[in-house]
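Just below sit the structures, each encoded as structure tokens.
Same chain, two partners: subunit A is paired with subunit B first, then with subunit C.
Moving on, here comes the complex of A and B:
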């Protein structure tokens, strides 16, 4: 018998409890990614070339190095500078910063798609750059890129098992502990895979729905 | 990514690398890290090869296969895109032996990462083939070519060029996900970093250096794919919706 239903039902409640940590990390990490991503995008469009150049370098650096090392970096290196974070916080911070760089590209695409006339009209109305950004550009730039941001939410969610590397008790770590306690990995790890699959499928369906809705709004 | 930003990044990375490498006592951890780098490169190459093969098979099966094969290809793509790479890796490493199939850690790593990236690659291949204009298909019908022949001689060579940039991104994703194999006991760069860290406590230098090594490899991939694109287009810049 490959699959033991009794054992599966025994571990399911434990895994369901651990999934709360996974979801917390996803939500907190994504909020950080959204906020920081917008800051990166605006800094990258700065007219000051030192600021835009430095931001570009930082964003490209974070994007082309592995998230796992970044998690280790925050968890192991920052304490040397006196910043001690617990594992969950360090992991969520790393997730948020990593995905902020992806989100900043999405925002940039959204902002660049705004017609020049909008900027010129704002200048003609003597709006300050802050007001222009906050009240004119951002409200028009964000809705079309919501589906792209949604894709990164799903991607971030699927990266949360990496937090198990610094012993955060999220789904994967819990499944591994259950597996080693009972010498049966089949059920816990397959259940974790199933959990991710179901959530990803639901999320992509929701995303497609949002995309359809937003495209009809755009055509009006 | 504009060329200038790549250059800026490379210069900063190089300067930072020099600073850290000039620290005393680096000979304690540099050799270990270089051994790990080699393993990382090997897994990246193996995974890339598998990913390309899996992607083409899955995409062609999904587009032109009979119903059961099409269904199988869709399942493969959805399952590997819908669950995370680490879960797939652990599944191959921990679950398969209990089902009676034992793979070496290296095999599980290449298999899991290659199939994972291959699932994303299948969509890239599909997009590339769909991007070839309908007229090309119609012309092959007019010339009485069979569908496999048309695909091989006419459609794929054109689709191939459009696929190069997204494949470059996927290879960088693959490189980044090779760091996961450190969690299944393979002594890749990430594993070595932790090992050297525990041995020497040079945390800052080691992890910074490791980040820079990964950056260096991904810049190599970027440049390699650019070169490939130049060769494939024969130096002609073609209009392409990208």
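Moving on, here comes the complex of A and C:
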């Protein structure tokens, strides 16, 4: 028989366990991307040319090179410089940093959409740059870009199989191991695909819901 | 209180303010009128440090605002210095510029808490007092979007006042309002003039208000003060031709 149900049910619990690693990598990587992305966005807007220039160069560099190479670099090359990370940490770090550069562009668009008058009012009230960002700019810049950030969450999630390249025991790697042990790939790989499909659909639905909620808040 | 000394502002080839000298006494109320493009709004924006100055120095309360002393001379002020001197000045904008994601009350407490370091309760007490003064004591929890233009502008006035400035700048504060809402904002400004010891500079197109409220009227033309004097003189017996032309055009339009 082409599809072996018995085998599928046998590997399902193993894959379910591995999915926890995938979700952990996604969540931790995305949190890093959100925080670091905001830092990149603010540094790029710095009036200090050296800071904004250096940040722009770093962001463009990361954005323009493949994530897989960055994963390899962090895992295999950094140890040469004495920085040894375990595979999960290295992979999650690479995901987070890579997506931080995308998120920073999204934040930047949100920040640039804030009317000039808001900045001027903040200056007229003598608010410090920190207070201006924290209380005036960021709270207005982020809600409109939540859907765009949500899309990157789904995209990051779908790139976690790349971590199998450095043998992180996430879904893809686990499926590969199961396949090679039993000489049957179709069930584990299909199940992994199904798992990604279901979670992506759930995340997209949540994202659309958030988008609707935010647009109603905006009309308050 | 405020002194412009040889202040020049250029945008590329265009000279918006040309070697401006202007002295404003403490608690004096100066109305700035003139055709668009005459540099009148730029005067306020430079005083609020929203625009850089190209030449000259502005003094506030005897201290240079745009420059700081260094090695016995004056150098252009950096951001840190600007923050230390800006506190004496408050500004109300044509388009209100309220913070839309904050309630009316929070709009008025944000800066006192974060800049002056007031405890929340004290900042709120001060804000409520000012909002009541401008007739908005019942709107504390509202968001700006639910207010009329006149109400927004009165919140903006209370917000600026909550910082206890010595100098208040009004930049065409009624220009974006529907005609029937102009009166309530002008009334609020009138009341401030009586209640607080403020120096005021206002750019306005409300000639009637300028005439009644201001101690002095400056007519700007091509980046210079073309004519200035007490309102009776400027409005009733302007000496220079440009002033006459401007006033007759404005008064004709109603």
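Throughout what follows, the second predicted complex is superposed on the first by the 220 of 220 C-alpha atoms of A that agree within 3 Å, B and C clash if a C-alpha of one lies under 4 Å from a C-alpha of the other, contacts with A are read in each partner's own complex, and residues count from 1 in each chain.
The criterion applied here is as follows: a residue touches a chain if its C-beta (ideal position, glycine included) is under 8 Å from a C-beta of that chain, and two chains touch if they have at least 3 such contacts.
Note that the structure is predicted; figures quoted are calculated from it, not measured.
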item: More subunit A residues in contact - subunit B or subunit C; value: B
item: Partner chain(s) touched by A:136 [first = subunit B, second = subunit C, both, neither]; value: second
item: First (subunit B), second (subunit C), both or neither touched by A:23; value: neither
item: Touching partner for A:118 - first (subunit B), second (subunit C), both, neither; value: second
item: Subunit B versus subunit C as contact partner of A:210, first or second or both or neither; value: neither
item: Partner chain(s) touched by A:127 [first = subunit B, second = subunit C, both, neither]; value: second
item: Contacts of A:186 with subunit B and subunit C, given as first, second, both or neither; value: first
item: Touching partner for A:67 - first (subunit B), second (subunit C), both, neither; value: first
item: Footprint overlap on subunit A, comparing subunit B with subunit C; value: none
item: Complex contacts: residues of subunit A adjacent to subunit C; value: 115, 117-118, 120-121, 123-129, 131, 135-136, 139-140, 220
item: Subunit A - residues contacting subunit B, complex; value: 2, 53, 56-57, 60-61, 64-70, 72-73, 76-77, 80, 158-162, 164-165, 172, 175-176, 179, 184-186, 189-190, 192-193, 196-197, 200-201, 204
item: Residue ranges of subunit C touching subunit A (in the complex, touch as defined); value: 48-50, 79, 83, 86-87, 89-91, 93, 95-101, 110-111, 114-115, 143, 145-146, 159-160, 163
item: Touching residues on subunit B, where the partner in the complex is subunit A; value: 1, 5-6, 8-9, 12-13, 78-79, 81-88, 90-91, 94-95, 98-99, 172, 175-180, 182-183, 190, 193-194, 197, 203-204, 207-208, 210-211, 214-215, 218-219, 222
